[in-house]
Amino acid sequence: MQPIVPEITRESVTNLINEGKRADGRKLDQYREISLETGVIKKAEGSARVKIGNTQIMIGVKSQIGDPFPDTPNVGVFMTNSELLPMAAPNFEPGPPDERSVELSRVTDRGIREGKIIDLKKLALIPGKKVWMIFIDMHILDYDGNLLDAAALGAMAALMDAKIPTATVKDDEVVVDHENMQPLPLNEKTVMCTLAKIGNNLVLDPSLEEEGIMRARISIGVRSDGAICSMQKGGERPFEKEEILKAIDMAQEKTKELFEYLPKA
Amino acid sequence: MITIITNRDLEAKNSERPDGRAYNELRPLKIEAGVLERADGSAYLEFGDNKVLAAVYGPREFHIRRFLKPNMAVLRCRYNMAPFSVEDRKRPGPDRRSLEISKLTSEALSPAVFLEKFPRSSIDVFIEVLQAEGGTRCAGITAASVALADAGIPMRDMVVACAAGKANGQVIMDLSEWEDKEGEADVPVAIMPRTGEITLLQMDGQLTKDEFEQALDLAKEGCMKISEEQKKAIKNRYGGD
Amino acid sequence: MQPIVPEITRESVTNLINEGKRADGRKLDQYREISLETGVIKKAEGSARVKIGNTQIMIGVKSQIGDPFPDTPNVGVFMTNSELLPMAAPNFEPGPPDERSVELSRVTDRGIREGKIIDLKKLALIPGKKVWMIFIDMHILDYDGNLLDAAALGAMAALMDAKIPTATVKDDEVVVDHENMQPLPLNEKTVMCTLAKIGNNLVLDPSLEEEGIMRARISIGVRSDGAICSMQKGGERPFEKEEILKAIDMAQEKTKELFEYLPKA
Amino acid sequence: MITIITNRDLEAKNSERPDGRAYNELRPLKIEAGVLERADGSAYLEFGDNKVLAAVYGPREFHIRRFLKPNMAVLRCRYNMAPFSVEDRKRPGPDRRSLEISKLTSEALSPAVFLEKFPRSSIDVFIEVLQAEGGTRCAGITAASVALADAGIPMRDMVVACAAGKANGQVIMDLSEWEDKEGEADVPVAIMPRTGEITLLQMDGQLTKDEFEQALDLAKEGCMKISEEQKKAIKNRYGGD
Amino acid sequence: MQPIVPEITRESVTNLINEGKRADGRKLDQYREISLETGVIKKAEGSARVKIGNTQIMIGVKSQIGDPFPDTPNVGVFMTNSELLPMAAPNFEPGPPDERSVELSRVTDRGIREGKIIDLKKLALIPGKKVWMIFIDMHILDYDGNLLDAAALGAMAALMDAKIPTATVKDDEVVVDHENMQPLPLNEKTVMCTLAKIGNNLVLDPSLEEEGIMRARISIGVRSDGAICSMQKGGERPFEKEEILKAIDMAQEKTKELFEYLPKA
Amino acid sequence: MITIITNRDLEAKNSERPDGRAYNELRPLKIEAGVLERADGSAYLEFGDNKVLAAVYGPREFHIRRFLKPNMAVLRCRYNMAPFSVEDRKRPGPDRRSLEISKLTSEALSPAVFLEKFPRSSIDVFIEVLQAEGGTRCAGITAASVALADAGIPMRDMVVACAAGKANGQVIMDLSEWEDKEGEADVPVAIMPRTGEITLLQMDGQLTKDEFEQALDLAKEGCMKISEEQKKAIKNRYGGD
């Protein structure tokens, strides 16, 4: 899936990193340039276009009224979906989400869900019958490495940007007032920080080329209160415990920078 | 890199269109070439509230043996709408409408491309509608042409598309979403501007032959205006005069 | 998709057409033999078997009661589907509809829908809740060119043949009376006329061989009042404006012939 | 080209069947060979209110390497019901029932075909049920045999199929849709008429062994009658006596 | 689909069978060792693990409340599904059920349905609106021949093992009492017996190797009252009538043995 | 062939866990190797009320050219839940959750396998959850390792997995289904026990760094205990001491 990197590139990139340098001039713990715009899609209830380096994702939040899941009748429904568009990379194929796309959606979803970012109870309308359903759709436009951090940042921004209609219940009927839009009920903020293991170093925000040669990666979701709320190892080589702990320190430090990009509440 | 057309001052104001445009007035248009890193060519287009991204890969080896052509490239298109691009969230993935538009887009672009130069290859055009507000198939074709040029694909001409139609009894250029839905007819057209030859033509609604001809002429007139903006986008990207 | 036609055949057919003749002896503006039978499938509410030359389509109309689309709560639902059966040609594969089949369905559907052929308002039963759903299923049995005209003619005939049960609403319940069948509420009739561009000529009703060498095709849907109600260009080469206008003239002339095959209302 | 059987006069009227047939009476039958242009062979069959079309392509090159057989042809079948063929519209595409019938049809026809003459090939049989009224799998097999013969595929024999079963306590030949649904048992059978060998056999419902044997005999009797009509259809198509 | 058996094996196995012997030492009319355990999956309402020789199937019965089919509004719904798991044989592929899996499900289903084993009327709750839906899922774990008999035996055992909640209807609402579980309403028992034709012999319970060389197979479902309730021929060679009748005799005899494995009611 | 662990006596009873376990107590565990006939290797595992079967085929020729690797084997996993394994019947076939777990399982096992010994091959691991009660991804990885060993696949180490997490304010080993659902955090971990290196690591919920470290340590401690049972299962199958 990953582009195959020639052995010589692998060596030169690794050697550089062993010296604390990177091919694009960054420090090991430095993000590429980040840009984040919200409110870019008027037809979406909330939206964000996020770029980390050349990686680019467009994210839209839509709401609709629907049935709750039978096992959680009193809370709203929240779903995260992503599409690795064939325009984003020469080897992305059209079709149903593959395992990479599913992992991306699910890790992003878990950070938001398990971090209790949305107050899903406030999205119930008629308990057991009607609730708000919130869809986060992530459209991967350009793939130049580190989708996870871009997705988490963009999804958080799109949620903060979102305004949904006011819905009230009268006589068991839901009345939806599009004239009075209100923000989504959010408890907290979360973003994610990914480190790749190359040689025996951890490097922040791996580029596409670095992803091609990394041994493993660890992605850590952090809330603005500092709590770790999700974690996902990827890649076909192991980590040692000390590396994980070091990664957590770096993530807790670096996510502070990421939170700065989010809209001020 | 961004160009805005508001040709509101070009014509007399005899309009009763909901957005106040004259019968032969385009919506504001921006085109930017070369907006993506990975794709061989790309273009971003805003046309009214339409926001469309097009990307091109190729010519590249075509690995589906059954569909390759021994004497020319195959130009494949995928027109896709983002789930958040429309009022009610669209389920991801192709539907019948997008399959048809993908086919028509491929047929609209193919006449302009020197496909015969690249036997056994594919040229892949991907169109993503990020926000839809009427006329996305034309917007997609227009953007895709710029992306093809940005990818350096040799072409006879840069295909350009624009719809015309009829609403409130009036034949008009470039229907908005409301005019498309509520109007009497819609005529999307793509042309190769150098020769005026038509590479996309559809119609639905109800028109007399005369009305159709007026609509076709208006659509071609719209195409010619948009074509200038395509050229500017390429110039802005690559310089030249 | 189209069978590949040897260069020599292409030349000889084109030369013949340049002289105003066709391989099967027809004039440039002449249909092949047409036959149209209705009422052939008793289990369908309406049906038609149409042949244009050896091209053969069986069309069935079925009705059922269902929910309206949310954005059009007060009108009936109408759907057109076609299957290019693998029996119809050696290169048709079983499976979900491909783009040719989708185009065929959608063009046929638009002619009927945009020509306002069916009075969909009369198919509403309980506004916003229950409406008639009308399905047109087109079974392509034998493919010898020009499916679009055959489909449009057959679909129109099947609609005219259709009888659906009388449905009345009592206390918010729909009562369906199969003893009293009634015709579909139709406003108008429409048929379609396809011209292929071969060399610099327009030829009516292209055969399979002619489709294999044509540069482009234009299909024009015409109502019995003369209005143009749908149009679809196909093929990988362009048309000039004058060719389109000429094609409209031919279509408006030739559809008169086609209307003669329809049942008399 | 069309043949009608009404063997109502062949037997005493001891029937209580809803459509008035005797226990061993077939529904009216028509078979016509060579009804399609493109297919290599084809047949149209009406059997009571069943209307079935069968078409054959092949022997032809089999391009799915995983399934081809190096020493013989593969006979593939696709049994399909038109959406309009049944009371409640059927969703297009294969379902579990049609997948099973397709497999059984292939197994029912294969013993009669000299598959070993065409290694690495496929012979493709397509059956379309245009109208269904009970017994479509048998009708499909019967029609497919005629289509195979029409395609000139070399065969040991022309397989023919007929159901028998039990309804209202009586063992009967050729169940109608009503008898199939409301009856006690259904036994579809296909045979090679020259040897009487059985190539399709299913049963569902409840029968004693004796009743089953009666049903099997009745089904084979029905097969022999239908076989005559298959031969006539081929003669009508190709002449000879 | 079947593993290809070398010609020399085919001959030696056939010769052995012609002498009344089998490669694994069994008599022609002898089953391999059978084991049947019920109640193995606590999360299922009923379950069974069945082995015939090395062929192994895990079967679970689940119940849920749902809508009846429109054409049978007053009876419960009953569905049988099977999955030829890719773990069960080297040539089984993941994916939607193929024709072998569909045949297995449908033959098992018909034996139960047409044998009137379940009293489906007792599974109706609110006629036309709510009924019990009973799902039999058959998970094929290890494939060493003769799936049909194993499936029929295991499905019957799982049905006999099943306990579903007591459901009562109050004011058009279904009340489901998980505290009071009750057995499924069963009228009868059925099992199935499969014979393979090898050379000109009928052999009971074909092994995988025997299936690879058999000319045809006949499977016969028998109820405990002796009635034949389903039958399915398979394989690409024909049977003679006498063979079928002989097979019925053998099945009626041998199913008595199979019934012994079922739980005592 | 069957081993039961109840390490209830190993630690003081300071627990308030619903099932009465101590904070660092595993559920009862059984592992058996070599339980299937056809598969090249297999293992059955019961862990609390989890019942999981794993099977391995390979190394074998990989026929999907697009995915094969010229210098090593591809280790493919399919994690699947039986429809009857959970409270509410699961629709058959893969869903998003099982796709993700399949990917993670493949990544968790790959570091231990000498994939480079089998270029152009696949090693296929199939995991079937027959009954689920919390922790099935870890149970699947643990069983799959035993199945790989049973298949004779050369490995650096036998990967083993165990979750830890936090419930009722307490960091605990091996969450039950209830603790997973109602608890504050879940940390599934797989390690190679010889080096302690981590091949699977996920977390969801809310933890401080200290709590996470405690959970990671507890998970690794659980892994080490389970590892002993893996080895016993292999010894029971193949003898030796």
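Residue numbering begins at 1 within each chain, and the chains themselves are lettered A, B, C, D, E and F in the order written.
We take it that a residue touches a chain if its C-beta (ideal position, glycine included) is under 8 Å from a C-beta of that chain, and two chains touch if they have at least 3 such contacts.
Nothing here was measured: the structure is a model prediction, and the numbers come from that model.
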Required minimum of steps from chain C to chain E, each step between chains that touch: 2
Chain-contact steps, minimal, separating chain D from chain B: 2
Most remote chain, CA-based centroid, reference being chain C: F
Whole-Å gap between the CA centroids of chain A and chain D: 58
Gap in Å, rounded to a whole number, between the CA centres of chain D and chain C: 32
Distance between chain centroids, defined by C-alpha means - chain B, chain C (Å): 27
Distance between chain centroids, defined by C-alpha means - chain A, chain C (Å): 47
Of all residues in chain C, the ones touching two or more other chains: none
Shared-contact residues (touching 2 or more other chains) in chain F: 88
Running round the ring (origin chain E, first step to chain F), the chains in order: E, F, A, B, C, D
Residues on chain B engaged by chain C in the complex (per definition of touch): 88, 96-97, 99-100, 102-104, 107, 110-111, 185, 187, 191-192, 195-209, 212-213, 216, 220
In the complex with chain B, residue positions of chain C that touch it: 70-71, 97-100, 102-103, 105-106, 110, 113-116, 218, 223, 226-241, 244-245, 248-249, 252
Residues on chain A engaged by chain B in the complex (per definition of touch): 40-44, 47, 54, 56, 58, 60-62, 64, 81, 83, 85-90, 94, 96, 135, 137, 139, 141-144
Parts of chain B lying in touch with chain A, wherever the complex brings them together: 36-39, 42, 49, 51, 53-55, 57, 60, 78, 80, 82-89, 92-94, 124, 126, 128, 130-133
